[in-house]
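Chain IDs A, B, C and D follow the sequence of writing; residue 1 opens each chain.
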Amino acid sequence: MALTVEQAKTWLEDFYTEIEAQKQYLSDLDTPIGDGDHGNNMARGMTAVHEDISDADFASVSDLFKKVAMDLISKVGGASGPLYGTAFLEMSKTAAGSTELKDLVSAALAGIEKRGKATTNEKTMIDVWSPMAEKLNSDEAVSEADIDQFVESTKDMVATKGRASYLGERSVGHIDPGAMSSGYLLKALVKVGA
Amino acid sequence: MKKIINDPGNVVPEMVQGLVRSNSDIVELIPNTEAVVRADKESMKGKVGIVSGGGSGHEPTHAGFVGKGMLSAAVCGEVFTSPTPDQIFEAIKASNTGSGVFLVIKNYSGDVMNFEMAQDMAEMEDIPVKSVVVDDDIAVENSTYTQGRRGVAGTLFMHKILGAAADLGASLDDLEALSKQVLPNIKTIAVALSGATVPEVGKPGFTLADDEIEYGVGIHGEPGYRREKLQPSKALVEELVGKLKAEFNFKPGEKYAVIVNGMGATPLMEQYIFMNDVLDKLADEKLEVVFTKVGNLMTSLDMAGISLSLFKIEDDRMVDGLKHEVKTIAW
Amino acid sequence: MKKIINDPGNVVPEMVQGLVRSNSDIVELIPNTEAVVRADKESMKGKVGIVSGGGSGHEPTHAGFVGKGMLSAAVCGEVFTSPTPDQIFEAIKASNTGSGVFLVIKNYSGDVMNFEMAQDMAEMEDIPVKSVVVDDDIAVENSTYTQGRRGVAGTLFMHKILGAAADLGASLDDLEALSKQVLPNIKTIAVALSGATVPEVGKPGFTLADDEIEYGVGIHGEPGYRREKLQPSKALVEELVGKLKAEFNFKPGEKYAVIVNGMGATPLMEQYIFMNDVLDKLADEKLEVVFTKVGNLMTSLDMAGISLSLFKIEDDRMVDGLKHEVKTIAW
Amino acid sequence: MALTVEQAKTWLEDFYTEIEAQKQYLSDLDTPIGDGDHGNNMARGMTAVHEDISDADFASVSDLFKKVAMDLISKVGGASGPLYGTAFLEMSKTAAGSTELKDLVSAALAGIEKRGKATTNEKTMIDVWSPMAEKLNSDEAVSEADIDQFVESTKDMVATKGRASYLGERSVGHIDPGAMSSGYLLKALVKVGA
């Protein structure tokens, strides 16, 4: 379960393709409980990532992730930019030692939690990353259906962090857009089969 | 969507270009960014820099408040989207003349995180940076377990007070202390008559019926606390001042500064009528109004509506700060 | 109609009250009128007074341009309706410190007649009065057999130049000569994206389809010269600068001042994008731009749209006039 | 055919009533070829006139007209304020000598022409006042139907003065609002039977 540079590139290219396809849907999810830009934000970032990695060679997964982190940090903005940027920055640091999925995902989660000062059950992307890390760390297999279910779980939560928190109870009944995009990212990761 | 633009994906750079080209005596572009810095470098020498910024679409905020006596630099993010740390960092560098830089951040998760990352970057290059996170929007309930209140038009009081102090030579520590003194005394509440349309989205963030208004809407169209039928100006004032009164716990004789801010599509005529009613109401409350400002200052694209900001003055030097002369595009 | 007002029949007095009460350091009400005069009387001593005015609904025009270095007084008529001679006469009296008064009139039959009657009244009281009638709107064909062209946002160039000259001590005759020099060199053309709603009327003066614009609309919603589908900013600039080019007969190396004016509901973001395209286009024409201003300066209530005014500079002292320091609410 | 103070008051009160009744219609006429305020403008002025004359006594028609002129000048604004104001001011001057209808109407017409720098066939109120004065001066009787026809004649004209002139040829097909209000005024005058 260790990620190679090739696999990592495939992962990110698949994610890029998915974001392009789901851009409108992600922004639509962000409309009732946010400001309707999550799809645009992610697409802006992943377009830059795609342009920078598709024809480039990377000596290591760590180098590749560092590039991805920088692109996301400098292109996305909003809340998701620093969160995904920090996730990849932490994964880059970890990948210098290990590219085991459980180590990478745990590092990303720690970065997101630190950056966003949030925890589980606050209706954010953490509610996808956290159960994912947990399963991996107990050496359980994670299916795409599992991830769909992590994403879906945010629907019934009350948002207490990010823009959706302004809605309080009214945020219930909507899937969190950042959870959805994180779901796409992690499903793409599962798919490369590392 | 009916807008005078070219490419919806390119509105920010084109706007910043237009702004800088038509105000080259006041601001200049920081190379390779969508951030602007004072043209008058002399005015920054030996002073602490003041940097603010946020998503675009709130013009003249923030770039319109860059200039001697107010901000040193402003960072323009994508529309309604926090700017990125690298751009904020460039603004910090351009504003630092050796005395450090003070950041005025509005309390949105994106702004806070991006500014924090920029602050980390600056500290790695040994630029002393301090900051304040403004959360003046009383429409949102405050709680340590949530994101907390949003930063809206009351932030302009913070810009003005800190800008004046920096201009007079305040240190980074002085500014931090001053910001802590100002912060709890600024509060804002808004009412929207229509939603704003982000160019890349192409349709309004929310819609209201022809006779409907919404109290408490945020500057990105974040939901407010109540929808109801359109009211006369005096009734709107009754509601909004009522909310502020509950927060401030008005006492006769207290002094306040007042900003009536147009959200973008609301004519100045309506803003003045509203201000007239606000002043009547504050007089009824036996408060003394020591400073007033009316206009489209922190807008939300083409949203129709108004926000009302009060700043409780506990120290008369604050009034001097508010009246301190500035050379900006829009103050 | 969705407006923040109380009584549609009472919007002007309430607006003027709001304006005066929130800017008492700059303007004061002339008793028993809807006209305002400079608060800084010292600045008027020994100087010719400059008085302008017109219907309300164009805020910040005209009251926002009263102050040292610009207008001495401004008269606020009913919405989109010329003010009455008695009010204009009061403004003349309040502006006269012995050196006479110069009137800046926009070319509408109502304004011309009411100001002329006021001028008659002033002359009966031995106050020397001269005037200029501004007709900068090139959307209208000019002819000696018609009312001629309307006065629109280019009028602000006249206010600024005459205000600066008066501030520097120009005589009534000097100002008359100067106004004649400026007049043929200011031209304006507009494009509307939506009509304006006069409070007492309650519905827009005209309506455009969701994807339709109208070129050449006047500031009271007077009809323009062509309707077509919404165009990108660059195409609008192509059309409007094209019209101005034909009127001015651009020659490479000529100098121009530029005002991009928002009609009321158009965000500053769009105005800056439009200005950016205007500056590109004027550069293509090899013209030198010596002064720029962008903002909601002469609005039409809640109309969406923009007007573009050019002022051909044949004498560099005009640039000094444009840059002369003023203390007004809105310049 | 000489007007008494009583008749003049009846005339103006009738006109006030008519303006109140037709306020919306006058503004509607002013919408396609003007700025939609003619009804409001006239109503503002005539309300002031009504308030000032209904309970007051006037020594002469001249005094009464002077009061009316001042009210219209100071309350109406726009184009119609100075025009109607000047008409009553000139009628006031003339009434000091004669209150013959033909003298009054001729004086009003001259005032309007001077103030507006316009002449007949420019699609303004002059196209009602001028044929009226002409008929009276040739000692012909003027019926309400005659006046309706003067008003109606403005429909086919091209406006070359006032706001409607901006429309050029497009002004054809619409009755001029100032002609309509002048029609009301002159029909009310005919009705008092002086």
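In this text, a residue touches a chain if its C-beta (ideal position, glycine included) is under 8 Å from a C-beta of that chain, and two chains touch if they have at least 3 such contacts.
Being a predicted model, the structure only gives us computed values, none of them experimental.
Student: So which chains count as neighbours of both chain C and chain D?
Tutor: Under the touch definition, chain C and chain D have no mutual neighbours whatsoever.
Student: Using the average of all C-alpha atoms in each chain as its centre, how far is it in Å between chain A and chain B?
Tutor: Going by mean C-alpha positions, chain A sits 31 Å from chain B.
Student: Find the geometric centre of each of chain A and chain C from their Cα atoms only, then give the gap between the two centres in Å, rounded to an integer.
Tutor: 54
Student: Approximately how many whole Å separate the CA-defined centres of chain A and chain D?
Tutor: 76
Student: Among all residues of chain D, which ones touch two or more of the remaining chains?
Tutor: none
Student: Note the residues in chain C that touch 2 or more other chains, in rising order.
Tutor: In chain C, no residue touches at least two other chains, as defined above.
Student: Touch graph of the chains shown: is it line, ring, star, complete or other?
Tutor: It is a line, because the chains touch in a row without closing up.
Student: Would you mind giving me the full set of chain pairs in touch?
Tutor: A-B, B-C, C-D
Student: Under the stated contact criterion, what part of chain B meets chain A in this complex?
Tutor: Contact set of chain B toward chain A: 55, 77-87, 108-110, 113-114, 116-117, 140-141, 145-147, 150, 198, 200-201, 205, 218, 220-223.
Student: If you look only at chain A, which of its residues touch chain B in the complex?
Tutor: Residues 27, 31, 35-37, 40-41, 44, 73-83, 85-86, 115-116, 160-163, 165-168, 170.
Student: Note which residues of chain C are touching chain B in the complex, please.
Tutor: Within the complex, chain C contacts chain B at residues 2-7, 11, 14-19, 21-23, 56-57, 59-60, 64, 193-194, 210-211, 213, 230, 232-234, 236, 258, 260, 264-277, 279, 292-294, 296, 299, 301-302, 304, 306, 330.
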